[in-house]
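These notes are about the structure you will find just below.
Every chain is named by a letter (A, B, C and D) in the order it is written, and numbering of its residues begins at 1.
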Amino acid sequence: MFKSFASDNNAPVHPSIIKAIEEANRGDCLGYGDDELTKKAKEKFKELFGQDIDVAFVLTGTAANVLSLSSMLKPFEAVITAKTAHINIDECGAPERFTGCKIVTLPQKCGKITPKSIEKVLVGVGDEHHVQPKVVSITQATELGCVYTKEEIKEITSFAHKNNLLVHMDGSRISNAAVSLGLDFKEFTKDAGVDVLSFGGTKNGLMIAEAVIFFNKSLTKYVKFLHKQTMQLYSKMRYVSAQFLEYLSNDLWFQNAKNANDMAELLEREIRKIDKIKIIYPVEANEVFAVLPKEAVKKVQEKSFFYVVDERKGAVRWVTSFNTTKKDIMDFVKLIKDSLKG
Amino acid sequence: MFKSFASDNNAPVHPSIIKAIEEANRGDCLGYGDDELTKKAKEKFKELFGQDIDVAFVLTGTAANVLSLSSMLKPFEAVITAKTAHINIDECGAPERFTGCKIVTLPQKCGKITPKSIEKVLVGVGDEHHVQPKVVSITQATELGCVYTKEEIKEITSFAHKNNLLVHMDGSRISNAAVSLGLDFKEFTKDAGVDVLSFGGTKNGLMIAEAVIFFNKSLTKYVKFLHKQTMQLYSKMRYVSAQFLEYLSNDLWFQNAKNANDMAELLEREIRKIDKIKIIYPVEANEVFAVLPKEAVKKVQEKSFFYVVDERKGAVRWVTSFNTTKKDIMDFVKLIKDSLKG
Amino acid sequence: MFKSFASDNNAPVHPSIIKAIEEANRGDCLGYGDDELTKKAKEKFKELFGQDIDVAFVLTGTAANVLSLSSMLKPFEAVITAKTAHINIDECGAPERFTGCKIVTLPQKCGKITPKSIEKVLVGVGDEHHVQPKVVSITQATELGCVYTKEEIKEITSFAHKNNLLVHMDGSRISNAAVSLGLDFKEFTKDAGVDVLSFGGTKNGLMIAEAVIFFNKSLTKYVKFLHKQTMQLYSKMRYVSAQFLEYLSNDLWFQNAKNANDMAELLEREIRKIDKIKIIYPVEANEVFAVLPKEAVKKVQEKSFFYVVDERKGAVRWVTSFNTTKKDIMDFVKLIKDSLKG
Amino acid sequence: MFKSFASDNNAPVHPSIIKAIEEANRGDCLGYGDDELTKKAKEKFKELFGQDIDVAFVLTGTAANVLSLSSMLKPFEAVITAKTAHINIDECGAPERFTGCKIVTLPQKCGKITPKSIEKVLVGVGDEHHVQPKVVSITQATELGCVYTKEEIKEITSFAHKNNLLVHMDGSRISNAAVSLGLDFKEFTKDAGVDVLSFGGTKNGLMIAEAVIFFNKSLTKYVKFLHKQTMQLYSKMRYVSAQFLEYLSNDLWFQNAKNANDMAELLEREIRKIDKIKIIYPVEANEVFAVLPKEAVKKVQEKSFFYVVDERKGAVRWVTSFNTTKKDIMDFVKLIKDSLKG
């Protein structure tokens, strides 16, 4: 059996998390987040980000983004983001449907945008014929496996705030980014000027746990209503909280992401040795994008499924996880090599 | 420590469910419901309801209702329901916000509505000045602890279908209803003419698992898009599926609901012996509503929290769960009696 | 030919208004309201209501209400209104669809609501499971032909503001109300604590002209975007402005409404003389509601169409207009009398 | 006084239209479009387009587009259009807010798109992670003053229908396009495969009159409810109908558009004689886009206001109208020449 590199959400849940859920399963407690475990889990987030934040736990990454955006936008305002952003192409229009807002898209480089490209779409400000730009949303790590540096983020938030814009970060793979940067979460989010953060967990070994972290307290007054209205006020909240509590203690988030990143690096290194395959983006987190001969794609997919992201170019995506092993990588590389032999 | 009778969602998860989740945690598998466990869990639902159904797993009861309604309604149509319905008063307007539709409310008796009351609001049909009545939504068991008989449901669905209306059932406590009626799920849902069912699990011992069951296949064409757009396309779906698989095998749903209902009956019986307390609705599932002296309410709440549902009348709600014991009941009854002594 | 009493919108446009439109048709000017006539028309409103108001011109009464409500409500908030309110039953759900908000309905008396009835629905404030009551909407004159006194309005706005609620007035027939009360517009709107007013014109002799008047300046910051987004930013605005300018000069609004009210009073007086007909609401503006034998209804409708508002009770509505004459009334009364002869 | 070339909506109303409105102002009639004039006006449209169409009259161009799109789209579907489209940049997000749908934008050439560019965004069809492409919207004449040929339109509709897409045409300046092409309306709309048409009137000499024409009858079942819900069911509809009746009789639409187009052509011809000014798009309807020195822009604007459409490039837009005269053009050209003298 070959490991699948289709997605980090194909991985199971880290055993410590299952254990934490089991331990949370003691007796009755209040629902909807008014329990002790939820208080502790939120306290954990405050240890990481400072006391002056608000936290809402949600159940899917799309929900994290929709809750974030709905707290930042009035229905005639717009969010500016990369064309490749998850909120733009992978959420079936949930942001537009729920907020009523427009998404304005920018060209990107490995999923990253710049103040320069944002500036170009800052037109019609104050003019009632146009939607009003209000939020810049960046993804960290990006959907194409790259990572914004702290400085790049600061440039964006600084430009945004000067132009009366707020900044949202889709941190679906934020732990992979933190490991890649060698930074604490806080340094490249709150300290770098981000206003609202979708903090992902499910892709990095959790079962079902995402969070929205509000650094900008002017946005939190009505969050509890939006939390319920986005259908995210989970009744037995303690089972999400238990996951985050375990995850943020004992560096589990770090170990999981470190392994995934290391394995992506190993995969990249081994693939670069193969002539007929081209790595098309810098590998900075846990994703490797490559172009390889179409016949090879089919042969490998039969034994180990993964996604073709651009049919025309033959571009594919391989994602590593917290549970990927060196043997998984080496077996997969061999599989690829064999497929190229014809 | 006294058991809390605040809500059935304050209970923990049944140990077999935790075990099922643990067992699901083996190796990688496809995400978003394309895995084996999800196939099996859906097959389980088909064993119960017949092969000609569609099933979508969701994460909260509100989400189940919103997905149901959004599959049935165009944005100028209306859903008719009891004033006390969860979709009307406990979902922070999520149905209106997501569908854009109006909720038309009816007077109720213990949470139940009748064809007669529905008929009164069937006005303006075909008239473009008015929203168009399209869905009748009933809750089984109701929010006030009552259970529609199979015949009552048939009367409603028959009347509805004759009037070009669809019927939604909010089955957040459907297992309690099934036990109460002594019927299979199918008999009072699909066989009784219901079109779409929100099938609850979380209140009856599951961790996080709700489902929407489509009996009316003309409504399912676009469900997968609505499923994603309502933010319910959970990536690691196997962990929800595993819960339902266990729940619907070995009669776990039955045992859990049976215990809850039995304990509510016991509580009712004991409370009826107390002079100063009045039971205000028939106890047909796992909820007891009573009026008791305000001083007593406060005293009891200090040791065992529960909700006052009508401040003015001093009406309170007590909910039993799969894990409520006879001792829990007798201790609670004693606590109440003591509080009345003054 | 008999005059129809079906609706005041069946009447034509007052000749002075046509003349004003014709006079506005001179040369080019800026579009979207940046023209001189629009400035003058807005100035006219400021003469009536004070300088500290904002005015937006719109094209239909439904649009006036939707723009008003969308400026006052966040999408998890609710508007409280009479069950008979136009926003509740005659706008095909436009308020819900556009704002995403819930409408909470109250019992009414001749279309009027009271602080007492509002208080009963002020539940769940601050509780994220419930929509948050935010706006009280009253109609002046009501949909059933009654008129709130200045004192009744003050009681409502005072109660509302104490409870952190805003007050909207649907003034689709505001001129009829002003005439009925013998008051200036300002006295029973701005001075009485109303926050936002839908100021109607089309039902009282204008061609196509409604306005939203914002007395509460904290609500106006984003109105221009909502104005465009509700599709009401009419390009050749001068033709609406010209109507209001003429209407508010030379007391045209007063004369038109006075005639309509007087004719309703005459109709009422004459109808009261007929044994078999019962007037069912006080006639305080330009509408008369009556119950008469069903055979008579049909006979009269054949010669002069009007609406049956309650099929079961045989209740009908007759509306008078700026152009209704005494002869119209006396002919109509004779027609009714004849129909009753059998 | 110089004529302004800012917009065709800065022009007044054609005198025949004022006369038609005046003539419509006779006696009472039914409201909301149930009157004789509305029947006749719709009949006029059927004479032009065939009996098998449906027509809805609306009040603004944005409303025409929103009603069109809301009749064609489910809320998880998308409309594909040129980046420069009015629905994308000039409607303050009304389409997104009202329909909940995404707008997917394409690169354009003089406002025109092609099947090739549409094909590139037909990704994720059937995949629930993505919005589903459903409508292609083209503008005729385009926002940049160009006109699609009948063949170009057929290529688009043919490609669209093959790919299960519908085609909307924003015909805000459709009369200018018809004159430019030398074709009847029907030939390049219905006969060319367009499904729904926003038929503009206000920019070509009408006071307030736009229409939505449904050629695809499968889309009309619920239009009357959407018509009301988009706040376009105008009570005194006869005054809109009277305009269209006059407009479509005696070729008024043709004469008005012909004059506007001729004057644009004259302006273009005269401008081309000036060295320092560059015409940047083909002049095919009633709009001229040019780049001229920034100092000149300011000087000319002082005496005759117009819009700068691209600040950086110094690109400006001049629009001619039904009432533009040769003298207007020659005076304006002289003004420009003078401004360039320094």
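What we mean here is this: a residue touches a chain if its C-beta (ideal position, glycine included) is under 8 Å from a C-beta of that chain, and two chains touch if they have at least 3 such contacts.
Just so you know, these numbers come straight off a predicted model, no measurement behind them.
K.L.:
Just to be sure I understand the contacts, which chains border both chain D and chain B?
P.N.:
A, C
K.L.:
Centre-to-centre on C-alpha atoms, which chain is most distant from chain D?
P.N.:
B
K.L.:
Just how far, in Å, is the C-alpha centre of chain B from the one of chain A?
P.N.:
The computed centroid separation for chain A versus chain B comes out at 33 Å.
K.L.:
Between chain A and chain C, what is the gap in Å from one C-alpha centre to the other?
P.N.:
The separation of the two C-alpha centroids amounts to 51 Å.
K.L.:
Measure off the straight-line distance from the CA centroid of chain A to the CA centroid of chain D, and report it in whole Å.
P.N.:
42
K.L.:
Send over the residues of chain A in touch with two or more other chains.
P.N.:
75-76, 91-93, 97, 100, 128-129, 225, 228-229, 233
K.L.:
Show which residues of chain B lie in contact with chain D when the two form their complex.
P.N.:
Answer in residue numbers: 74-76, 100, 128-129, 132, 222, 224-229, 233.
K.L.:
Using the touch definition up top, name the residues of chain B that touch chain A in the complex.
P.N.:
Against chain A, the touching part of chain B is residues 3-4, 6-7, 9-13, 15, 18, 21-22, 25-32, 59-63, 66, 91-94, 97-98, 202-203, 207-208, 225, 228-236, 239, 305, 321, 323.
K.L.:
Spell out the part of chain A that touches chain D in their complex, as residue ranges.
P.N.:
Interface residues on the chain A side: 75-76, 78, 89-93, 96-97, 100-103, 105, 124, 128-131.
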